[in-house]
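Everything below concerns the one structure shown next.
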Amino acid sequence: QSNEIRIAHIYSKTGPLEAYGKQTQTGLMMGLDYATGGTMMVNGKKLVVIEKDDQGKPDLGKSLLAAAYADDKAAIAVGPTSSGVALAMLPVAEEYKKILLVEPAVADSITGDKWNKYIFRTGRNSSQDAISNAVAIDKPGVTVATLAQDNAFGRDGVKAFKDALKKAKLAHEEYLPAATTDFTAGAQRLIDKLKDQPGRKIIWIVWAGAGNPFKIVDLDLKRYNIEIATGGNILPAMAAYKALPGMEGAAYYYFGIPKNPVNEAMVAAHYKEFKTPPDFFTAGGFSAAMALVTALKKTGGDTNTNKLISTMEGMSFDTPKGKMTFRKEDHQAMQSMYHFKIKVDPAFAWGVPELVHEIKPEEMDIPIRNKR
Amino acid sequence: MISRLLSNDMPRNRLLALLLLAVVLGLAFAPFIFPGVKALSVAAKVLVFIVLVASFDLLLGYTGIVSFAQTMFFGIGAYGVAISATRLGSGWGALLLGLGVALAISLVLSLAIGLFSLRVRAIFFAMITLAVASAFQTLASQMSDFTGGEDGLTFKLPELISPSFEFAEEPFLGVSLDGRLLCYYLLFVLAVVLVLALLRIVNSPFGRVLQAIRENEFRAEAIGYRVVVYRTTASVLSALFATLAGAMLAIWLRYNGPDTSLSFEIMIDVLLIVVIGGMGTMYGAVVGSVIFVVAQSYLQDLLRIGSEAASGLPGLSSLLSPDRWLLWLGVLFVLSVYYFPTGIVGRLRK
Amino acid sequence: MTTTNLLELSGVHTHIGAYHILHGVNLAVPKGQLTMLLGRNGAGKTTTLRTIMGLWHASQGSVRFGSTDITAMHTPQIAELGIAYVPENMGIFSDLTVKENMLLAARAAKNADQMDDARLKWIFKLFPAVEKFWNHPAGKLSGGQKQMLAVSRAIVEPRELLIVDEPSKGLAPAIINNMIDAFSELKKSGVTILLVEQNINFAQRLGDTVAVMDNGAVVHSGSMAAFSADEALQQSLLGLAL
Amino acid sequence: MNKDFDWKPLALVPLLALIALPLTGSVSTWLTLTVAGLAMGMIIFIIASGLTLVFGLMDVLNFGHGVFIALGAFVASTVLGGMSDWTGSQELWRNLVAVFPAMLVAMLVAGAVGLAFERFIVRPVYGQHLKQILITMGGMIIGEELIKVIWGPGQIPLPLPDALRGSLFIGDAAISKYRILAVIVGVFVFGLLAWTLGRTKIGLLIRAGVQDREMVESLGYRIGRIFVGVFVVGSALAGLGGVMWGLFQQNLIPQMGAQVNVLIFIVIIIGGLGSTTGALIGALLVGLMNNYTGFLMPTLTQFASIFLMVAVLLWRPQGVYPVANR
Amino acid sequence: MLETRNLTIRFGGHVAVNAVSCAFAPGTLTAIVGPNGAGKTTYFNLISGQLKATEGTVTLDGQSLSGLPASARTRAGLGRAFQLTNLFPNLTVLENVRLAVQATREGAHRRGLNLWSIWSDHRALTERADQILADVALKAKEHATVASLPHGDQRKLEVALLMALEPKVFMFDEPTAGMNAAEAPVILDLIRALKKDKTKTILLVEHKMDVVRELADRIIVLHNGQLVADGEPSEVIASPVVQEAYLGVAKEVA
């Protein structure tokens, strides 16, 4: 027992987010492998990953996490894929006094008002997403309207984005039901609000899910000089960007952008194993692994929770996205984001984001929202 | 005595009686027989489903009404507890208030749906409830200030039934005596009482009229029963019991969200359990819930063993992959309709 | 007179679920004649007809139609051989109109215009209600009107054998007369008919041969004339004298 | 039939549009919304048309219908993926040449799977609604999982061929080109269905078979085969609908079938279970209603079609064209 | 006293029952005859509330029944057996009858809504049901499910349900149709016994003229929805309307 360090990875092996969850798992395993130099050992202790499938169901995630800590004696847990599951899990970590390293659930409240001291997060939060986008398009003379899902994810995103806009003017916020398939009506409202504005006009879209809001370009926004901006996404979703050459925004990750040895190693390993580039969530899983191994190495393989917490607070570690640092106050990993511009390259099935500017953590003022 | 308790509706088959006895004993001593957090969660889920499915059987099996809104009432119960605990704190008062409000809402809603829709064709009723239930789900995620949206609500309950409460230092038979255990037994008692109550209802003169209506509504009206009254009463009762089941779920999980109590998936599980167990027999709800919930909870583990065994055969192992557990659940759906047309209870009693 | 049998059941046993209903039915329906099948309620008459039509299958014994063994054939195939069947419950498609009901029975017609006019006229004359309610939903007809429609459907096209289960029930006396006329005309045109009937007068006026069932077996068969004459036999088989 | 044709439901469509006119404010906005809504209605009609046959006429509550829609879309993505030369072309005819075989293959595959579905899943439960719900639900789950096995669990793109992107303009109002294609396909499907069911005996036979299968067999029809045939056609139409829906969405997820289920059930119910004209009207009303509420009160869009259904049922409890007296 | 006044129903243009006014006194058996489609069943439907009259009223002992639904009319004392058998197919014979007994005995509407007593405790109901089954000679089959009964037995059960309701007014719609000549007397004996009671109003739709002749105190004739004759059985049967429109001149068979 003492020769093992058990890590539970709870994620959507099945369910609507299956594809995302699997990327995380791939990244996590690759990351552990890379960080331990292929040995899967830290200080003579073997790292054992226990996989659990939350199916995207919060209640299930909750009981799985409890079972992982209690029945499987996991020292640390990683996951989950969906924010809803993560929020249900937070109290369990507190109950069992064990660390939960959140990756890639994004809701702000995980490291905000629902946070407790056992929670760390390597993944970016909604604010980081929104603020980096704001930084990317915030210029004087620009008029922005937002198009978002009418749920907590969309509204949080727009709020953070709005708060971060300093120079540009916000003309309108459009919220559509998450299940929207036909965007004509929403687009028409946006056009009505924007068409008579002076200067550069941008619709900033924050959308996750099945619908495809980019179809609104079919209404020929160019007539009114309206542009579209949005964040990055997984590769299949970026296929829609092919129709939007020149579109700008800020992304969490794209395999071609960060230039560092860790990323190069990951991309190479991924090509080797799957013949495809790593995606969004692969990078996340990899980062989580790097954080874990870095911390465990520092404690000398000791999994005592309090010791781990004090080690990890303020800890910096290398990731495919460069250096990240767990902020002491809310345990959120501070990280770079990437201002990109879409280029169409026939060699790729998706619109290729080209780096315009790396937005360093210092350039973003990410609010601390927990009540510590 | 036992026969009165069961409202003179005895299992009428030795195997079924043994099975039921095993289920009751198993659930009564679950914390001691099946150690571990997961096992206890599964047992608690079984208890909740028994009540939920039994409440649905009152509607489907006994009255012959196909409704897809059962999870809506289930959700109302769960949200009632969740919202009041979130807003009013973790006292018993808040818990009971939430439950009371939830029951009242379910009553009004089921009455309204019942009076409107029971007049249209049966199949329309089914589709209308489907639509209403999906609208309700949307509503729950749109009113996120109140319901926590898609993320749901995590809340605290009275100390006595919370895991942190320990009423004895020493574990008993290897089981730590804490609030979680008390919570489980609270659920257990509730489930027993509610199922016996439902059994009483279906074996009352009222229950017989419901069956008559299921068989031939026109004739039931002709011999003097006001069909609308009976059917509406049945839908309301069923909604109230489902609400109670929802509250039980929320009490156990100390969490609630749309996926947990409102999703269509749960509705389908409930339908399937009714059919596997045997429609129109409360015992079917009990036996079906145990079998289904246990199978669902351990199917992935089972498949993992299967796929490891089949790892030599690439095609088979990708089908046996634990990630494709739903595939096998689907197959279970199909097979159970093929081979248990009258359900387990029906087959045993034959 | 030597007659060949158009339909012949020998030693037919039929089970419905766990129940053994027919216990070795032997029944011959001579070609060109009208055979009456009599018996108490529950004797197995309906079951016999359904077994002939392949709606239930005999577990033992055989059913022959002309030179074909139809014991194991499926209902549509049996019907295609030239058998029309009016079931006990009439089998009216109540959502469809009378016209549509008739059209379905007319297999050769692709649409209403292609139905045989002369034959329709004849049917309308026998059963005026069918014409009167031509475009009404059949479910709205009165009990007797439904019965008329059911029989009309069976005769909308010529068939070699007509099997009818209690056609006279619920019909007004005047219509029963029409029905009798119809069956005698059909018989004249060479159609073989097998009728189950409770209305003894009806049976007596039309039948050439008779078979009496009891407890799932045929207990008597012979010519109608002989049966009519033998009161003691009637008394013992049916519990009444004709 | 034409003399006493019931025109009232038909008038609902322009009526709804007229009511919306003053509410939307500007004529060009109204026109954009109306045309888009009608075209959307046509797409909905195409995906619902198969269900008119299967649920409406055959009375099979097929909750698995959505899986055929998904299947059609995924098959199309494979076919179109292999013809990128044609889809990537700027010329309309080349694009259409690519889309056409995609539709054909999708229909063939969906129809073939429908054949198996009928045989193994639906056949034992004709006439038993509850069991139909369960067993087809099981079929749906199996189908969805098999799609995941074949095409992977994630989202995959189905880009619209180049020449079908963008819009045409009437004054200030924009009409996307793809929707015009959808209208053409929709009208074609409608014509074909209306003709088959109205001018041949097949519709009658199915309705009769649902009521009293034994009697139809006793009349000498092999109702089993007819049912298989209709089910296959229904599935193939769902496959076609899947291609149209997929190209409209431009990306596909395995769950897409389940997502449209409620929508198409609503359309069929409004239409009166089995009436092709009714389904068309239902689809157009839903399409318009969604667009108008989407513009006027976006938060209520999700409830718009349900509201519409309840309103229609209050007016005509059997749907706009109850099939019994079509 | 059951009375209909000006009772009318139209289906589109078709007037199925046309302004029928008629009173039926307790202690009499009135036979209703008429060609198929004359409106006999529809007339019953209007009286018992299965159809809503376009015009006209139905009163029972001075109490108006017009606005009431079928169930309320049954509770007020109208009992009805159907022409096309209409039972609870998957319940047993005994349960069918027991349900009917429960429906009307001793203020039993409340008993029907009784959620909490155990059904099988109500012994009196079972005993009464058993007795009725004995009356219609179905006792031997009381545990059979209805769906498996032959047609004739289902007809008997149909009558048994009516008996169980113990109504003031008995409405029989061709009770012996499809019943074997040896079995029919069971039902006819029951009707005779009811007649002896002298307090019951009995309406009987029947096409078999020998039955009508023997049982009826009075015959009314419906033709195309209209009441065209009313009176003594022998008179009515002899009248030209009946001879021509109904019996098909003198070729009587039944």
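Note that the chains take the letters A, B, C, D and E in the order they are written out, and that residue 1 is the start of every chain.
Everything that follows uses one rule, which is that a residue touches a chain if its C-beta (ideal position, glycine included) is under 8 Å from a C-beta of that chain, and two chains touch if they have at least 3 such contacts.
Note that the structure is predicted; figures quoted are calculated from it, not measured.
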**Shared interface partners, meaning chains that touch chain A and chain C** = D
**Of all other chains, the one whose Cα centre sits farthest from chain E** = A
**Item:** Label of the chain whose CA centroid is most distant from the centroid of chain C
**Value:** A
**Request:** Could you give the separation in Å between the centres of chain C and chain D, each centre being the mean of its C-alpha atoms?
**Result:** 45
**Asked** Where the centres are mean C-alpha positions, what is the separation of chain A from chain E, in Å?
**Response** 75
**Message:** Counting only Cα atoms for the centres, state how far chain C is from chain E in Å.
**Reply:** 29
**Item:** chain D and chain E: spacing of chain centres that average the CA atoms, whole Å
**Value:** 49
**Asked** Can you list the chain A residues in contact with two or more other chains?
**Response** 14, 18, 150, 177, 179
**Message:** Quick check: what residues of chain B touch more than one other chain, meaning two or more?
**Reply:** 138, 142, 323-324, 326
**Prompt:** When you check chain C against every other chain, which residues touch at least two of them?
**Reply:** none
**Asked** If you go through all the chains, which pairs of them touch?
**Response** A-B, A-D, B-D, B-E, C-D, C-E
**Request:** Please name which positions on chain B make contact with chain E in the complex.
**Result:** 4, 7-8, 200-201, 203-209, 211-212, 215-216, 218-227, 229-230, 233, 237
**Fill in**
In the complex, chain C touches chain E at residues 16, 19, 39-42, 46, 88, 129, 140-145, 147-148, 166, 169-178, 180, 198-202, 205, 238-240
**Residue numbers on chain D that touch chain B, as the complex places them** = 61, 120-121, 124-125, 129-131, 133-135, 137-142, 144-146, 148-149, 153, 262, 265-266, 269, 273, 299, 302-303, 305-306, 309-310, 313, 317-318
**Request:** Under the touch definition given earlier, write down the residues of chain D that touch chain A in their complex.
**Result:** 26, 29, 32-33, 36-37, 40, 148, 152-157, 159, 165-167, 169, 174, 176-178, 248-251, 253, 255-256, 259, 287, 290-295, 298-299, 301-302
**chain E to chain B touching residues, read off their complex** = 48, 50, 69-72, 74-75, 80, 82, 86-91, 95, 98-100, 102-104, 109, 111-122, 161, 165
